[in-house]
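Report on one structure; see the data block that follows.
By written order: A, B, C and D. Residues from 1 in each chain.
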Amino acid sequence: MSDAREPDSELEVPETRETVDYDELADLLGDRVIRREDHLNAGGFVIHPGDVQTVLRTLRDEAGFDHLSCLTAQEYEDRYESIYHLSKYADRTQEVNVIVPTDKEDPWNESAAPIYKTAEWHEREASGQATGRRAERTRQSAHGDPAEDGVTGGRGLEHGLGVPV
Amino acid sequence: MIGVLKSMATTLKHALDGSTFTVEYPDVAPEVSPRFRGVHKFSQERCIWCRQCENVCPNDTIQIVQDDQRNGEQYNLHIGQCVYCRLCEEVCPVDAILLTENFEFTADTKDEFIYNKEQLKNVPWYKDIDPLESREPDRGAWIGEGEGEVDYQ
Amino acid sequence: MSLAPLQADPVLLPETIARALFGGGDLAIWQEALAAFLGAFVVGNIMLAMTGVAGPWAKRKITAAFTDRIAVNRVGPAGLLIIVADAVRLLGKELIIPEGADRPAYDLAPLVVASSALLGFAVIPMGQIFGVNLMLADPEIGLAFVFAAASIATLGLAMAGYASNNKYSLMGGLRAIAQNIAYEIPLILTAASVVLFTDTLQMSGIVAAQQEPLFTVAGITIPSWFAFVNPFAFVLFVVANLAEVGRNPFDVPEAPTEIIAGYQTEYSSVYFVLFYLGEFLHIFLGGAIIATVFLGGPAGPFLPESLNFVWFVIKIWAVFLFTQWARSAVPRVRIDQLIEIGWKGMLVMSLANLVLTAVIVGVML
Amino acid sequence: MFLNIGPHHPATHGVLHLKTVLDGEQVADVEPDIGYLHRCEEQMCQNNNYRHQIMPYPDRWDYTANLPNEWAYARVAEDLNDIEVPEYAQILRTMSVEFARIMGHMLAVGTFALDVYGDFTATFMYAIRDRELVQNILEDLTGQRMMFNYFRLGGVVWDLPEPREEFFEKVRDFIDDLPEALEEYHDLITTNEIFQKRTIGTGVIDAETAKQYGCTGPVARASGIDYDLRRDDPYGYYDELDWDVVTEDGCDNFARLLVRMREVEESAKLISQCVDLLEDWPEDERDIQSNVPRTLKPDADTEVYRAVEGAKGELGIYVRSDGTDKPARFKIRSPCFNNLHSLEAMAQGEYVPDLIAALGSLDVILGEVDR
């Protein structure tokens, strides 16, 4: 969190931005945290794709992160990754990122929809697949026919590369 | 019931005051701000073929063709595709391309919207507004000090 | 200023035509039929011409005035030729009949809607123009006939709704029926309260009953129009009439933002024109009924009796203007609210009005 | 009965398809089907460079209130590249963005009235008229009526137009006339009993549900969630100015309308404070842009997610850099996307007209939903 920067010189860095204690959060999550990451806006925890619900539930219920602000899915050379940008309605400056890397061969992760309803659409947008196990893929693969999967119309879903489906 | 009557009174007030907000367009020319960004005007006399405008254009609206000596041959601009972001004018170091206030252009097919340098040169000023006048303040940031009188024709 | 009463026994339009064509005396049945037909032709065309002006032109101009715009002014003087242009445009369009449409009903529906409104004008006393009395018939059950004729339009809407094979149309048709049933009763009950005064259903009788001066204020004589005699009934009637002709706030059968255009979603070209005309005819018929029952028919100051048709036209245009005005400012109610207002509000109030009127008429007169 | 509302329906405000299941006239289930206006905005941003080329695109996400979108990109890119913005430019930004917010809210009020009234009613035209006035001012300032492209990294592209007094006068006239115009809207719509009957208690979404759906902006604030990024995560000049976050407790269509109308007042308050500041600003300190390199290449694998308060709610952008002058991943979090999702909670069991009204009150811009 140390490198969170404010763009505007004349603005004081809000006090609260520093109040997220990532060590405490790490303790809370225990050994579900594979690795810590630092993004410019907030610290992040890398977790296993199967731990999404447990981790997010802990963060929501015990640390008060009740706002799933955004879900980003992207493709790396060796993996797909989805980032859950969490925040609080009560204090927007407290942020935490949950990073879920997933295998290229079998890209999926647990859905966050039971924790945050809004994840339903975000995950659909990210994956282009809505039914069954909420696979988290950043690119349409051969078996992911969107029409068949009942995605949002099968048109223009986005996914890492932004190719129209 | 009072609220309904109030609503009706409000509309009636508008109906009776006789004022209109719309104008009869071709007869009454709408007011256009000096900064308005419309069809481009290009001056081959000024252009140094640096191709910066082509580079900065977000959606490849400008196409420049040069010979092997890097002399300019063609300057084509697809005004039907242009998003009028004015970045080309902004980066041009010599004010060779300029967005006029002219917003009136028509064509029968898309192809006719591809203007070559001759057509671009002949784009008329709108109501004799010289856009550069109103845009002068920012140009220093891009080209250093301006060099006084500029003749685009 | 005194208002001259109508002629005691006015000569109706078919008779005038028959006299002009065949002279006086006894007429053969075909001569009477021909004269009646010609009379109907004249009246029908007058009304159609008025809707022709109202639909494409006046409506736009009025709406534009309410919304600070200019509206049609290019085609012809003040844009009046837009009427011709619109007619050509609409008639020149392709007539699309959706697959699975129920053919006879689909084709008949626009006719039913347009003709039912025209039918109503048969018994309306429209006043005189150059001494010619524009009234086709004057049956004893005139008022009942006019409501009966106007209600047929709902049948047309329902036909169009189900025959179009479109879910929006079906919803529109169903809404039209629900609305019509809910508002027809208050409408007729309110009209009945007038009949209590006049003692007759005959249209000419209703008009004649309104010719007496009611009272005089500062030299101006207020005639005993029922709008002045019983303003409560007048307001009720005007509101119910808005629902009857399906205009804001009661335009739920069309509701373009909800069910697109309801029953007329699938109609195009000539059929659409017929619907369009039918709707405007309906507004004018509503205006004609209001004028006849509440506003003294064609009576009015300044003009000689032989020209009082002008007053009649002014009155029905005033009602048209009012519907456009309401449209510009009043939100559409929801279908369930519409029914609620109809059954719990309008019906109760019109019944109360009827009972009160009956008491007043029975005790005082 | 299964009913397709859209994609070509007069009340879907763009191309939206609502798969609706009706029980009589009541909505048993509704599922928005989106994607008809997908233009690969994220991909386009990934193909363009940070310095100039991305900025014209944010204007095209929420195309009714464009400037907040530009700020969303400016904020994230300035964070990423460590660019400072001169104070004077911050005030210009704040003022222009508040104008754009008025623009967006005017259209929202107008189209919502359209959904409830039907046809081209007076309210809609008056709202468009007031929006046009704002557009005139912004045209003077930025050179366009909608696709402004006014922001640059490190500032804005233009100072106020000369002569400045004329511009200030124009803005002041608008601000002075605004209360009267708003009063007229209140006369026209909010005090109208039929309108109240139509909107109060319909399209209800309580605060908890709204949070679950990630609702932000006027939709959240109408459900009593006191959440506004301009105050909670300050940027620009907002924390130096005196204004309030508008909330309503109605949770219904009417409350959302009221929030928008009151936010217009707040925006006007902000604008007039900005104008005062600009008027007194010393002439030699009018820096509209800081010094920004011609080519920007942030360090590889820097990741940042930043949000601003757009007219519709929290508009966030995530950018990951890969060491080149173009983003490796550009993700847009659009407020309309989340707000539209909450329609299913609002419309359950309501009548079809209320479904339409709820959709209108959400003020979704399909350009932003689909991107």
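The criterion applied here is as follows: a contact is a pair of C-beta atoms (placed from the backbone, for glycine too) under 8 Å apart; a residue touches a chain by one contact, two chains touch by 3 or more.
What you see is a predicted model; the values in this text were computed from it and never measured.
Asks: Work out per-chain C-alpha centres and flag the one nearest the whole-protein C-alpha centre.
Replies: Central chain: D.
Asks: Need the CA-centroid distance for the pair subunit B / subunit C, whole Å please.
Replies: The separation of the two C-alpha centroids amounts to 54 Å.
Asks: Taking each chain's centre as its mean C-alpha position, how far apart are subunit B and subunit D in Å?
Replies: 26
Asks: Approximately how many whole Å separate the CA-defined centres of subunit A and subunit C?
Replies: 63
Asks: Starting from the mean Cα coordinates of subunit A and subunit B, work out the distance between those two points in Å.
Replies: Roughly 42 Å separates the two chain centres.
Asks: At least two partner chains per residue is the criterion; list those residues in subunit C.
Replies: Residues 66-69, 328-330.
Asks: Residues of subunit B that contact two or more other chains, please.
Replies: Subunit B, residues with two or more chain partners: 4, 7, 10-11, 14, 21.
Asks: Which subunit D residues touch at least two other chains?
Replies: 44, 122, 125-126, 129, 188-189, 192, 194-195
Asks: According to the definition of touch, which chains form touching pairs?
Replies: Touching chain pairs, listed by label, are A-D, B-C, B-D, C-D.
Asks: What does subunit B use to touch subunit C in their complex?
Replies: So the residues of subunit B in touch with subunit C come to 4, 7-8, 10-12, 14-15, 18-22, 24.
Asks: Would you mind writing out the residues of subunit B in touch with subunit D in their complex?
Replies: 1-4, 6-7, 9-11, 14, 21, 31-37, 56-58, 83-87, 90-91, 134-135, 137-138, 141
Asks: Show me the residue ranges of subunit A that touch subunit D in the complex, using the header's touch definition.
Replies: Against subunit D, the touching part of subunit A is residues 5-11, 14, 37, 39-42, 66-70, 72-74, 83, 85, 89, 91-93, 95, 97, 116-118, 120-122, 125, 152-158, 160-164.
Asks: Going by the contact rule set out above, which residues of subunit C touch subunit D in the complex?
Replies: Answer in residue numbers: 63, 66-69, 167-168, 171, 248-249, 251, 254-260, 327-337.
Asks: In their shared complex, at which residues does subunit D touch subunit B?
Replies: Residues in contact with subunit B: 44, 48, 52-57, 122, 125-126, 129, 132, 136, 139-144, 147, 149, 157-159, 161-162, 184, 187-189, 191-196, 288-289.
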